[in-house]
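Notes follow once the structure below has been shown.
Naming follows writing order (A, B, C, D, E and F), and every chain is counted from residue 1.
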Amino acid sequence: MEFTHLNREGMPQMVDVSCKDITERIARASGRIYVGSEVIKAIEESKLPKGDIFSVAKIAGIMAAKKTSELIPLCHNIFLSHVDISYSVNKEQGYIEAVSEVKTQAQTGAEMEAITAVLIFLETIYDMCKALKKDMVITDVRLIEKIGGKSGYYIFDE
Amino acid sequence: MEFTHLNREGMPQMVDVSCKDITERIARASGRIYVGSEVIKAIEESKLPKGDIFSVAKIAGIMAAKKTSELIPLCHNIFLSHVDISYSVNKEQGYIEAVSEVKTQAQTGAEMEAITAVLIFLETIYDMCKALKKDMVITDVRLIEKIGGKSGYYIFDE
Amino acid sequence: MEFTHLNREGMPQMVDVSCKDITERIARASGRIYVGSEVIKAIEESKLPKGDIFSVAKIAGIMAAKKTSELIPLCHNIFLSHVDISYSVNKEQGYIEAVSEVKTQAQTGAEMEAITAVLIFLETIYDMCKALKKDMVITDVRLIEKIGGKSGYYIFDE
Amino acid sequence: MEFTHLNREGMPQMVDVSCKDITERIARASGRIYVGSEVIKAIEESKLPKGDIFSVAKIAGIMAAKKTSELIPLCHNIFLSHVDISYSVNKEQGYIEAVSEVKTQAQTGAEMEAITAVLIFLETIYDMCKALKKDMVITDVRLIEKIGGKSGYYIFDE
Amino acid sequence: MEFTHLNREGMPQMVDVSCKDITERIARASGRIYVGSEVIKAIEESKLPKGDIFSVAKIAGIMAAKKTSELIPLCHNIFLSHVDISYSVNKEQGYIEAVSEVKTQAQTGAEMEAITAVLIFLETIYDMCKALKKDMVITDVRLIEKIGGKSGYYIFDE
Amino acid sequence: MEFTHLNREGMPQMVDVSCKDITERIARASGRIYVGSEVIKAIEESKLPKGDIFSVAKIAGIMAAKKTSELIPLCHNIFLSHVDISYSVNKEQGYIEAVSEVKTQAQTGAEMEAITAVLIFLETIYDMCKALKKDMVITDVRLIEKIGGKSGYYIFDE
């Protein structure tokens, strides 16, 4: 096992992807925020006709995915051909779940972009709801699927 | 209960903090990434003399905290007088835990900055270790303490 | 008449606001985009339950206001205590009008932030609707009101 | 007619351009700022040997074009092979007109980048002249031409 | 002697300035780029009426100063009340010299902002002239003066 | 001799690289900071086990290289396939030397990115050591090698 982001002296390094082919790559990530059933009820009862918190969180997640290489020090700046985030609400268990999908045609994958999209989506939900409740928890953020690239297909094995 | 980030028409809005006093505010957040005991062993055995992954992750978390208002749409851009992130490693249970502390003298608190610091610290750990293992999970990210501001002291009640 | 942003040699310069007092300042700007009545009808008929184009445009405008000093070379980076954007739709004449309000407690005003908010709100409307129609026009963008600061109250005189 | 930036549930979405070809694309936009003939006279009489307001505005517009995907939420981050902005002064009618041209070899066009370049050029003129006059108006900002891409040639039809 | 940017475990840290007073602080930095007398002659002979390289470099340096806390990991994000850069040309020795001045009313000084302004001014000169000559050298970049703050007055002692 | 970054009217312009081929390009730059032998001794004696100043400086330099097109006004935004920075310490003469290497597959070279990486690496060293000593000097920053592109191979001739 080897840390590709550390060189032989233990100094941080960017991976050199110069010799990799440009191929289609897709990454999907997911995560949850436990907001509690009361906050979910408040969201539903507000019957907001537009501009609701999910829309704001989605915009924030998409914009953050485009900023990933500014946030993660050794990440490459890549062109993203698609970023999408969907969500579902589990009222009984009191959580909101987000699933992101990021596509790129690049020399390196978009795993970090997919994770960033989920993290900032969930953090924005936190921000939008924190006046109601502070003890919300962001949890279970993981890469769920990765298609393309030398290391091939990956799916999270639960 | 009221969503301060949505107006009466349900449109997103920034909270107007013009009339709030400038006071000392501190926020602390925490979170974990489950990397597994093998990755932790690899980190320890690498006996890296410098520049190790925790240092890179800490830099990333601090820099991201300063960018919070660019990431979270309705967050105010505030001056941060201090950002710190500490971490601990639980080898048996295979996780790394981060705790952030952010201080500001402002009209609004630094909760989101503290959470951003933790999230990007943990995501950078993911990035640095993903060549070894992909099924790592970022989890249990929460605000643990908040000092100052009109709403007063808050501590996460487990 | 003197260009405060050019020095005696004609070189660009930032205005030195070191000696100005920190006071409450408010700026309001407005602007329109002519999209045509068919696009407005399409927006209304889509009966979008959430996440509609106005919400996305508002988020974009608020986030851009916070970025003003990165966009306008000689603008100071100031803390904004409030950014708001409201809009109205004139179906007959086929335009959407945006009005922004920005507040700050600073040594300089927030006129540019208010104008940026309107411009990027309107440009985002353009982006969201450009698959339907390309010959939309952004127009009538102006500062409508300015409160506070040495130069005192200003209102656009039509 | 369909909003490509909203999905079937009305949530905002980025257009998936993964399957589009990389082709040469050019976009041109234009716009005006009415500053009044006195400000234009002041600009001319200042006989500024260098660093004049048009140069600052041009730099601002070019830099902003490169930032477009950070400003417009659902815009793709693309490589721009050329950004240019020219301008003309109409002393009688008291306006300054800017025309931008942006080129890219990408899976999507550069219309938004061309519009951003014009908007920020004009807003910078506003900033540079606002000590002289505040009731300036940014107006008539439009896409004037678009070459390349699946939807083909477009020219603004007056 | 102690590294304020490393904690007792040798991990990087931001200095906590929460308890410092907000005071007027000024920093000045300088630096040179040796471009050779031929490039200087080319600049002079071009008799450029406007928008010359010094104006572009000055804009770049001012904008970069405002971005310092995004570039230098442990730097605080502070409000800058003034950024100025002046320059002189030494034709015989073939260099261009820049001097920056940055002012702030903050809990920490603006030394890094002053150095960033000089570095990016000089790097932009490099960029503007590199089609003519590549072996230019940026050199002698230093803090020349610092006023205000607990550590008091500092002047570079040659 | 011609300034490619100024048009015939002397206005700044971006070079149009639309017609250039996408080829492999490498650029290397170097530079020094004179910190004095006492600071070097302090660094060595601190026997910091991790996170030392070189690691922080390297991260800063890599992240800045990715931001070059935001800093240098007329620089193109390009994908970087690799950024690396190595360093050496000359204790007798009291300086630290950095050498950067940047690779890209693009229509234009990465010279400015290589120089930015060195400048911000050195400036971060300054920031990390400034509590010990203020009269450090950044010097001898130059492009040392350039491979690929129409103008061909270049090596700094001392």
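In the analysis below, a residue touches a chain if its C-beta (ideal position, glycine included) is under 8 Å from a C-beta of that chain, and two chains touch if they have at least 3 such contacts.
Owing to the predicted nature of the structure, the values given are computational and were not obtained by experimental measurement.
K.L.:
Using the touch definition from the top, list the chains contacting both chain A and chain F.
P.N.:
Touching chain A and chain F alike, sorted by label: B, D.
K.L.:
Regarding the chain E and chain F pair, does the interface count as same (over half of residue numbers shared) or different (under half shared)?
P.N.:
Comparing the two copies, chain E and chain F contact each other through largely the same residue numbers, since over half are shared.
K.L.:
If you tally the C-beta contacts for A-B and for C-E, which one comes out higher?
P.N.:
A-B
K.L.:
With chain centres defined as C-alpha means, what is the inter-centre distance between chain A and chain C in Å?
P.N.:
30
K.L.:
Give, as an integer number of Å, the spacing between the C-alpha centres of chain F and chain C.
P.N.:
The separation of the two C-alpha centroids amounts to 37 Å.
K.L.:
Could you list which residues of chain E touch at least two other chains?
P.N.:
11-12, 48-52, 54-56, 58-60, 63, 67, 70, 73-74, 79
K.L.:
Can you give me every chain pair that touches, using the contact definition above?
P.N.:
The complete list of chain pairs in contact reads A-B, A-C, A-D, A-F, B-C, B-E, B-F, C-D, C-E, D-E, D-F, E-F.
K.L.:
Touching chain F in the complex: which residues of chain D?
P.N.:
24, 54-55, 58-59, 62-63, 66-67, 79-84, 103, 105
K.L.:
List the residues on chain C that touch chain A in their complex, please.
P.N.:
By the definition above, chain C touches chain A via 48-52, 54-56, 58-60, 63.
K.L.:
Can you name the residues of chain C that touch chain D in the complex?
P.N.:
1-6, 9-12, 31, 38-39, 42, 46, 48-53, 55-56, 59-60, 63-64, 67, 70-75, 111-112, 115-116, 119-120, 123-124, 126-132, 134-143, 146, 154, 156-157
K.L.:
Looking at the complex, which residues from chain C come into contact with chain E?
P.N.:
11-18, 20, 69-70, 73-74, 76-79, 106-107
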